[in-house]
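Report on the structure given below.
Which chain is which? They are A, B and C, in the order written, and residues in each are numbered from 1.
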Amino acid sequence: MTPVTRAALVLGLAFLYAPILVLVAYSFNASSLVTVWGGFSTRWYGVLFADEPLIAATWVSFRVAVLSSLIATVLGTLAALALERHGRFRGRFLFTGLVYGPMVMPEVMIGLSLLLMFIGIGFDRGLATLVVAHATFCTGFVAVVVAARLRGLDPTLEEAAADLGAGPLRVLLTVTLPLLAPAVVAGALLAFALSLDDLVIASFVSGPGSTTLPMRLYSRVRLGVNPEINAASTLLIALVGVAVLAASWLTARRGGTG
Amino acid sequence: MAAETRLRLEALTKRFGAHAAVDAVDLALEPGEFFCLLGPSGCGKSTLLRMIAGFEAPTSGRVVLGEADITGLPPHRRPVNMMFQSYALFPHMSVAANVGYGLKGLGRGAAAARVAELLRLVRLDGFDARRPDTLSGGQRQRVALARALAREPRLLLLDEPLGALDRGLREETQGELRAVQRRLGTSFVVVTHDPEEAMMLADRIGVMDRGRLVQVGAPADLYRRPASRFVAGLLGDVNLIPGRLGPAEADGTRVVATAHGPVRAAGPADPLAEGAEVVVAVRPESLALGAEGLPVTVADATFLGDRVRRLLRLPDGTPLRASGPPGEGGAQPVGAETRAGFAPDAAVILPA
Amino acid sequence: MNRDAPQRLFARLVRLPPFLWLAAFFLLPVVITLKISLSEPATAIPPYLPLLDWQGGLEGWSTFLEALNLDNYLTLARDPLYRDALFGSLAYAGGATALLAALGVPLAYALARAPARRQPFLVALIVVPFWTSFLIRVYAWIAILKQEGLLNLVLLKLGLIARPLAILNTDAAVMIGLVYAYLPFMVLPVYAVMNRLDPALREAAADLGAGPTRVFWSVTLPLALPGIVAGAGLCFIPMVGEFIIPDLLGGSETLMLGRVLWSEFFSNRDWPLASAVAVLILLIVLGPVVLLRDGLRGEGERP
């Protein structure tokens, strides 16, 4: 490593992390004026835990993320299997477009078009529409992760199982899925994170009683910097940090593949 | 070429942590010599080559080219070029751009003329505009050679130059490589793990084992007079018959007392004391069946057209391999009991 | 391969659920949006005309089709607000993509040149911010960029400026936000390509007399081009329709299509016009999407 590449790495990582660290630091600021340091305090965490609407929104986000990532994981895994293992079929081009389209579709377009349809068919907006919307836009991401793993999987394993008399369902359940498990879990986590993070689509399709956490945060953030939001952000960042550490610890323990 | 193109390595060492990949190697190369570093993978030969090219910094020792110490010089300042094992042709450039890559200092016209000359040398005239991925393996190898020669290096390093070619092409290519080397008079240093390749190409071979240069010599000398069991086994099939060393004879040979009787062989290179445990190394083609030698049973015979390969067993079951022309020993069917002997100067005594 | 009937049935069953779901919740909504973008706004629920009269038969269909028109697209083309938003989106997304390439390529290069055993950790460090909330990452910049924010504080203390700079709610803030939020999307594909390059190629160039600078420009960069194209696509496509960054960091004059769509829909309740804007965004990203797909396919075909 030359001094130049080392400097590039340090600067790049500093750029990525400095804003996050600033945010975390200010969340412990006693002063309510964001730029004035009033000493260390955890008072904003107290305010945060008493904030009923924010907690309600967190609960909505969590339920939506669980349900939509479950649906997206099933649909995405099936889609990956169809694309990677069941080869040619009529309508493959359309199918591919349907699976991967939502990933490149602008979020505002997904949100708007789903809302227009829900209204068109007279479907009341709420938790269900959120789940449907998030499952739809996450399916492609799960499919990408699972398909990548499937491509790296030796197809002769499945052929061997079929050769030993296993029907297609048994091959899927006893050979393919166990081998795919790490990718399926990774895809599910990605879907969960994407659902939890989404503001734009949720803003279109959520109903009066189903405000998500990003929507609630956004409405506060628009009014400017707010130490309570810093505290909430810090907790979210800590959560992600712990999850990433746990994931890397798990993969390292399993020998670090996948 | 003048004597200044001599390469000298002085106690060259490369350590990775506690492990010495290259351990105090001393070597002097004659000008215009075709030298080959031979050894199994992991013996340090590639690291040695990369230190000469400048891709690895030695832990200690010196690389001297002519009178100049080039140890601290980065690769792009060394008058040394390398042909990579993978050829490392730039996939986004034409053949001509690849060959001309190192000719930046030359004017456009001069560089183009030099590229044309090099492509003629490797018999690829007319391939200028082609991309590397449209060439065959042999053609790619020749482009890599032309590119490495473009800057008229005082020393050309070749990393497994024939390794990526299939068998038929290898013989043809090694002939070409030798022809080019003779014509230019440039010193070539080849690294290979293939003894056949080393013997086909080199004027001299240096055998490496676990970071050390264990023996240097002409291919025939190494084959006939290996200094260790390792070198003997590396260069080809060999029978190793254990025994105890007898006294020195007047003609320089010595008798070794084996479990099945005495044999006579050329003396060891290292002075060994009488009574020392040794092995006698005999190549299969030096082993002749007949009235003289150790008692053996013919356990198996394989007809290979130009020769017959036999598996023999000593009375205690130790296998020996012999190979010779089909006519010779033809009266020795499987199961026959006979004797296997060899001329004293066709065998060497090695430390056990 | 000879596949028997039960296997074919099984394959069909495997692709049926995702197909039906995505047809219902992705394809159909897009078609509806296309249709509404050709309709006229109305003060009604839903606020657009015409509505298809399902009971009207052929007659109903033809009056429905006749009522569709391109008026909304003409409005987009004529009204300077939308023209500016279109050019704004292209300029911000294009400019930020160029900036991302300029910053991301050196970073990816540094990453690829780091000691091999440390690379997984460094890649993880680049990826981790991606897992934290996008909204929070953008929000974090408000505290840094605003008038009495951290950046101005530091610059004033260092004596580099006499008065606080107005950065928040300017083009510069939007650019910083875009580059910050999308940096991993540029770095990772470029790194992936650079990491796969045979190190012997760089060594060969150095061996042939090229100094580090020439090696980078003549060998590393051209060979990393597929990664740069992929990264540019991954950044440009979502940035065209970006809403959060221009809304939080930009000023009132920061016009981007995503934001215009948002206000047409939520504030003006002009659904047909909002739909037309959505279709426009879609048309803009179509080219890069095809380019990206071909690039990724080329990647996949390599052995």
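Simple rule for what comes next: a contact is a pair of C-beta atoms (placed from the backbone, for glycine too) under 8 Å apart; a residue touches a chain by one contact, two chains touch by 3 or more.
Since this is a predicted model, take the numbers as computed values, not measurements.
Participant: What kind of graph do the touching chains make: line, ring, star, complete, other?
Facilitator: Topology of the interface graph: linear, an open chain of contacts.
Participant: Please flag the chain sitting at the greatest distance from chain A, going by CA centroids.
Facilitator: Chain B.
Participant: If you average the Cα atoms of chain A and of chain C to get two centres, how far apart are those centres in Å?
Facilitator: 17
Participant: Using Cα averages as centroids, what's the distance between chain A and chain B in whole Å?
Facilitator: 58
Participant: Could you tell me which residues belong to chain A and also touch two or more other chains?
Facilitator: Residues: none.
Participant: Would you tell me which residues of chain C are touching chain B in their complex?
Facilitator: Chain C residues touching chain B: 198, 200-201, 203-211, 214, 218-219, 222-223.
Participant: Using the touch definition up top, name the residues of chain B that touch chain C in the complex.
Facilitator: 53-55, 74-76, 80-82, 84-86, 88-92, 101-102, 104-105, 147-148, 150-151
Participant: Quick one: which bits of chain A touch chain C in the complex? Just the residue numbers, please.
Facilitator: Interface residues on chain A, with respect to chain C: 1-2, 4-6, 8-9, 12-13, 15-20, 22-23, 26, 34-35, 71, 74-76, 78-79, 81-82, 86-87, 89, 91, 95, 98-99, 101-102, 104-110, 112-114, 116-117, 119-120, 132-133, 135-136, 139, 143, 151, 167-169, 193, 196-197, 199-200, 204, 214, 217-218, 221-222, 224-225, 229-230, 233, 236-237, 240-241, 243-244, 248.
Participant: Which residues of chain C touch chain A once you look at their complex with the stated criterion?
Facilitator: 1, 6-7, 10-12, 14-15, 17-19, 21-23, 25-30, 32-33, 36, 46, 103, 106-107, 109-111, 113-115, 122, 124-126, 128-129, 131-137, 139-144, 146, 148-150, 153, 180, 183-184, 187, 212, 237-238, 240-241, 243-244, 247-248, 258, 261-262, 265, 271, 274-275, 278-279, 281-282, 285, 289, 292, 300
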